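Two complexes come next, and they have one chain in common, chain A, joined by chain B in the first and chain C in the second.
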Partner chain A sequence: MLDRTADNVARATPEPLAKKIRGISDKGLAWLFISPTILLLLAINIFPLFWAIYLSFTNFRANRPNEVVKNLGLANYQRILGDQDIWIAMQTTAHFVFWTILLQTVIGFTLAWLIDRKFRGHAFWTTIILVPMMLSPAVVGNFWRFLYEPQIGLFSYVVSFVTGIPPTNVQMLSNVELAPWAIIIVDTWMWTPYVMLICLAGLRSIPEYIYEAAEVDRASNWRQFWSITLPMALPFIMLAVLFRGIENFKMFDMVNLLTGGGPGSTTEVASITLKRQAFESWRTGYSSAFAIILFVAVFGLANIYVKALNKVKQR
Partner chain B sequence: MSLTTAHSVVAPSSNAKLIAGTIIIAYALISIVPLLWIFATSFKTPPDSIAYPPKIVFQPSIEGYCNLFTTRTRQTPEYINSLGPATGFCDETVRKRNMVIAGPSNFLPRFVNSLIIAFGSTFCAVFLGTLSAYGFSRFKVPLADDLLFFILSTRFMPPIAVAIPIYLMYRELGLSDTALGMILLYTAVNVSLAVWLLKGFIDEIPREYEEAAMIDGYTRLQAFWRTVLPQATTGIAATAIFCLIFAWNEYAFAALLTSGTAQTAPPFIPTIIGEGGQDWPAVAAGTTIFLVPILVFTILLRKQLLRGITFGAVRK
Partner chain C sequence: MKSTLKLALGLASAIFASTAVSNVAHAEDLTLCWAAWDPANALVELSKDFTKETGIGMKFEFVPWTNYADRFLNELNSHGKLCDLIIGDSQWIGGAAENGHYVKLNDFFDKEKISMDDFVPATVVGYSEWPKNTPNYWALPAMGDVVGWTYRKDWFSRPELQKEFKEKYGWDLAPPTTFDQLKQIAEFFQKRQIDGKTVYGASIYTERGSEGITMGAMDVLYSYGFQYENPKKPYEMEGFVNSEKSVKGLEFYKALYDCCTPPGASNSYMGEGVDAFKSGQVAMHMNFAFTWPGLQKDENVGGDKIGYFVNPKGPDGDQFAQLGGQGISVVSYSDKQESALKYIKWFANKDVQAKWWSLGGYSCLNSVVKDPKFPSSQPYAQAFLDSMAIVKDFWAEPSYAPLLQASQKRFHDYVVAGQGSPKDALNGLVKDWTQVFQDDGKM
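Then we have the complex of A and B:
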């Protein structure tokens, strides 16, 4: 009712006055709409971040809240950079990120290229391939433990059936050599569809007329692939690589359930080390410092990511 | 032309299509096997589930589902014989293993927690996200690019790194292990996705609609409500499903910040154990029930999937 009256008044009044009577100005409305989101993120993301920065300079332990907190300056950071275990965890993470991305990119791009041959029923099979990436990495990762069980697990059974290794010897999760590959296999199974989907968009963005022109010039298929397909799909592939890189750099859930970092610490990626330090050893100050270091690394990657993303958008 | 199309990429030959199709179908079938195995295991009896060689053909049983929803205690055969007749299929199955049902398990409450937290946080994230996306899309916001980057960057924080101070903050505020705390947290994580996706969708709605509505005497707010929102329904629905899937699947925060009353299904399912180790049919049953909604959503979403997973960077 009130709106109506205001409306009628507004219609009869000259423009500058009308704006005032119509209620909130555009500028006010913009802030009214945006500020709740910003406030929420400040409260749940930025405030805790600053708290973590403060803690990273102290010897605070969350399981002893009544103890006097001492300021250690940069000592936590120095200890992290000199900590052998942290470097091993970073190497484990690098190994995991490198191999998962390599496998996912190669397989994902190949699948996308094959789907782009547009055979009959490709839409249906594409949907089937996409299913694993939508599922909870924790819940599915947990089930892979069963598939990896020696002897009774399906994966171990198939491996021993194909290779002839006795089924009790296929110990994917308890073998020091195999455990890092066990997590790489599950991650690749889950996330190859992701890379595939982005590559497919890249391939479909290439205009047909470019291939037609290449045909007129009698360029071979091989030449067309290297000079047209790959360069034109490259920004999309990079986008997928960066996104997977960031996600796998902070990988926690699947690895935590599959191996928990074990056997020993052979699959202890950075996030698992962080969890062990923060929630098992309760070295809150020390782990906060490690968290900040990880965050800075991810933030750097994110910056590159957004630049690449804008490049893709411009095309 | 017919000479060149034989090996053209523009129109792949029927041979190429056949080979491509075969490889894709083979990959799809292999990649779906673990999921089919989860489904099959949920209908196996515990002995069948750990048989060697793994059983592909088996007598289906709903023992896994019985075990998922109940807790059981072992009793002597004499005691079991002294009880009255079994009250249902589950009761009967459990008694064959010399056990009696002691009560309901925690699965149902955990599942309900998942529903409450996922839907609650999705509603909040989409509500805030729609407003912000409209703000960024239609108004000149100072430092808009920086704010948008800030919003996105919060998504890149490693969850464990955020969890340490959140854990302390929630302990101070009494939000530890509460549904409200988890809803706030998931809203904060999802709102970045919601803003970026919805900004893309709203950018695609021509401004002329609102301008026309405003010339007709609507205020900006009315124009937003009556012209933009109805046009953005598809985008809002797709965004909501993406937020829902994230909140449904989330594990790291849930595992570290909840332990009892507000625990969701992902940290609970791995803890389902039977006598002498993990009760795989029950775990498989829980996993199956947990995954089915996501399967349905994936099929509903398949046209918007690409957009969602790239924060709106790639649109088909």
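Then we have the complex of A and C:
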């Protein structure tokens, strides 16, 4: 098959070039076609990764290119792992990832289950639910900042209406206790539709005849849900959790727009700390080491998770 | 047919030639980089005279304050050629000088007989010199600036409020001269109903992302006795940064934030402060003097309704204010250094500086600010002059960025988030700053 492809390519090519193409093996031809992509990947992905690994062992600072670069060995890594502020940032990240995933999965799956009932107008509601996901994070961050505004924000007035607390006391972004939840609410509002879509795909992939057989066996709706719907949709739910987990682990835009990591360092997730070290303090070597640690953590956790996912799929 | 072809060729050549000529003209244009703010618009207006005089066109690259440092420090670090002239922040001077980003101007000043003695001394030290207090000049003082205060003169002058205030605090409601007085006034106005609207005491700097809370807290700490280092032993900070007086100062700043700022003002800097004052939310407003011309012209709060006062005194009578402002420098990576130097020479001219002030820029030239007519030239001129006489600045070391990030974190953690004590915050600051200087090999 591949031989014929090479022949066809050669036949459609001017004679001098055709001679050259005939001389190339199928494998060579395949490499020829994919090499631009591979080169691009090497240049923008692989090389920077190795360069960052190299820099993580040095004292390099991007704002002092003329300074002598010293090899520090593992000093940057030791400093990061012993830095209390870094651990606090990691805890904040974990808190944020846990709650956003939990809320998005529960709400997303519930919405998918409801949409899957195919009630009248379900297509319209699906479109409405998907709107937040289609907005730019910059837009979402900015308008939620206004919504949370204690003096003019709609959110504060709604909370005030429901609870009776004066709106100026509902300081979602300034209050240490509330600020993390303010971000969790926005992220959940924006990305639940994404989880819903994946779950909906899972629910729609369950063959109808299984439910018909369950009906014949007089299984209750509850029983059908626990024994058919949930187990068969589980790989999809787990996939959604994986995607959102990775995304939220490196969450930056929403936090930056809403709180900038504040008040104090209450919402300073790892990516904000990393940005501050790399592009505000210009500690390039140190921040490279931190980036590598984050990469290894996400990569390791994702690998463990994928193995679990495969096991579930094989069941 | 031939004549049509000739005509087409002729037209094409003419277009090509005119494009080439215009490109040559544009090649001489200078690009000046600065922050996007009111004074930048004044500079655009002012620079038209330079183009008229020299035929050198001016282009401008203005970036909002929130991205100003990131954008232009990246440009300088990558040896970019975007900026021929740059009005860089005062704290950049150490790094820009040591990393070779700016052209050293001593020889040029000597040749053109530009004397630094003709400029306000604090601005020369703050904007031009590196190392500090040595005659090594890397910029011409361009835009004097300092943190000061505006207040609602119309509210302060209401008889019923004056009476109530006097009864409550025992002194006349007037611009404060001490920080204790400032807090009393702020408390008095906090959540008060004025003209059917709830108003608040003061807008102060609390911004976390760039430099806001540091500028605000330092503005208070200096007058409480804070010192960056042992005057006799550079970089020795223990007992100076975290002295008892500094602790009291930081405690005061938090108390002011807790008692007297508008709701949600946990990330407030220059823009948010101006908004709070312009919208009639606050009785007093901490901000850099560059905001004053705009506020003076404001229809709702400007004119007779606004007043200005210098940063108040601390408990021991010390009085300092946080320096802002910038100098103008020639970027060493520019291919048009000669033209850029011509601009500096033109800008240093007495008449140009006088016009600069009249357009809304803050001149640093003695002949302008010491002119007998200067204090009455604008309602805020005297407050500006008095404030410039008491300035102190943040570290201008090459490592100013990590030093600033450390103070941003420590101050915000304590003042806004209420974590730990002021002593903890300042002890932590000493630890962070010591680490930075150790990394730099200075300790």
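Convention: the second predicted complex is superposed on the first by the 272 of 315 C-alpha atoms of A that agree within 3 Å, B and C clash if a C-alpha of one lies under 4 Å from a C-alpha of the other, contacts with A are read in each partner's own complex, and residues count from 1 in each chain.
Throughout what follows, a residue touches a chain if its C-beta (ideal position, glycine included) is under 8 Å from a C-beta of that chain, and two chains touch if they have at least 3 such contacts.
Because the structure is predicted, anything quoted here is derived from the model rather than measured.
Visitor: Considering only the touch criterion stated at the top, classify A:K250 as touching first (chain B), second (chain C), both, or neither.
Guide: After superposition on chain A, A:K250 lies in contact with chain B alone.
Visitor: Which partner, once the models are overlaid, touches more of chain A's residues, chain C or chain B?
Guide: Counting residues of chain A touched by each partner, the higher count goes to B.
Visitor: A:R64 in the overlay: touching chain B, chain C, both, or neither? Say first, second, both or neither.
Guide: Second partner only.
Visitor: Tell me the contact category for A:S265 with respect to chain B and chain C: first, second, both or neither.
Guide: The answer is second: A:S265 touches chain C but not chain B.
Visitor: When the two structures are overlaid on chain A, which partner does A:Y77 contact: first (chain B), second (chain C), both, or neither?
Guide: Neither partner.
Visitor: Just chain B (first), just chain C (second), both, or neither: which does A:L41 touch?
Guide: First partner only.
Visitor: Considering only touches as defined above, state whether A:W181 meets chain B (first), chain C (second), both or neither.
Guide: In the superposition, A:W181 contacts neither chain B nor chain C.
Visitor: Common interface residues of chain A with chain B and chain C?
Guide: On chain A, the residues that contact chain B in one structure and chain C in the other are 62, 149, 151, 256, 279.
Visitor: Using the touch definition up top, name the residues of chain C that touch chain A in the complex.
Guide: Listed in rising order, the residues of chain C that touch chain A are 70, 73, 77, 79, 95, 99-100, 198, 208-209, 262-267, 281, 398, 401-402, 404-405, 409, 412-414, 416-419, 439.
Visitor: Quick one: which bits of chain A touch chain C in the complex? Just the residue numbers, please.
Guide: Residues 59, 62-66, 85, 148-151, 168-169, 171, 173-174, 176, 256, 259-266, 276, 279-283 of chain A touch chain C in their complex.
Visitor: Quick check on the complex: what are the chain A residues that touch chain B?
Guide: 3, 6-7, 10-11, 22-24, 26-27, 29-34, 36-38, 40-41, 43-49, 51-52, 55, 62, 111, 114-115, 117-122, 125-140, 142-147, 149, 151-154, 157, 167, 189, 192-194, 197-198, 200-201, 204, 208, 211-212, 215, 218, 221, 224-225, 229, 236, 239, 243, 246, 249-250, 252-253, 256-257, 270-271, 274-275, 278-279, 284, 287-288, 291-292, 294-295, 298-299, 301-302, 305-306, 309, 312-313
Visitor: Which residues of chain B touch chain A once you look at their complex with the stated criterion?
Guide: 4-5, 7-10, 12, 16-18, 20-21, 23-25, 27-28, 31-35, 37-38, 41, 49-54, 128-129, 131-132, 134-136, 138-141, 147, 149-154, 156-169, 184-185, 187-188, 191-192, 195, 217-222, 245, 248-252, 255-256, 265-267, 269-270, 278, 280, 283-284, 287, 290-291, 294-295, 297-299, 302, 305-306, 309-311, 313-314, 316
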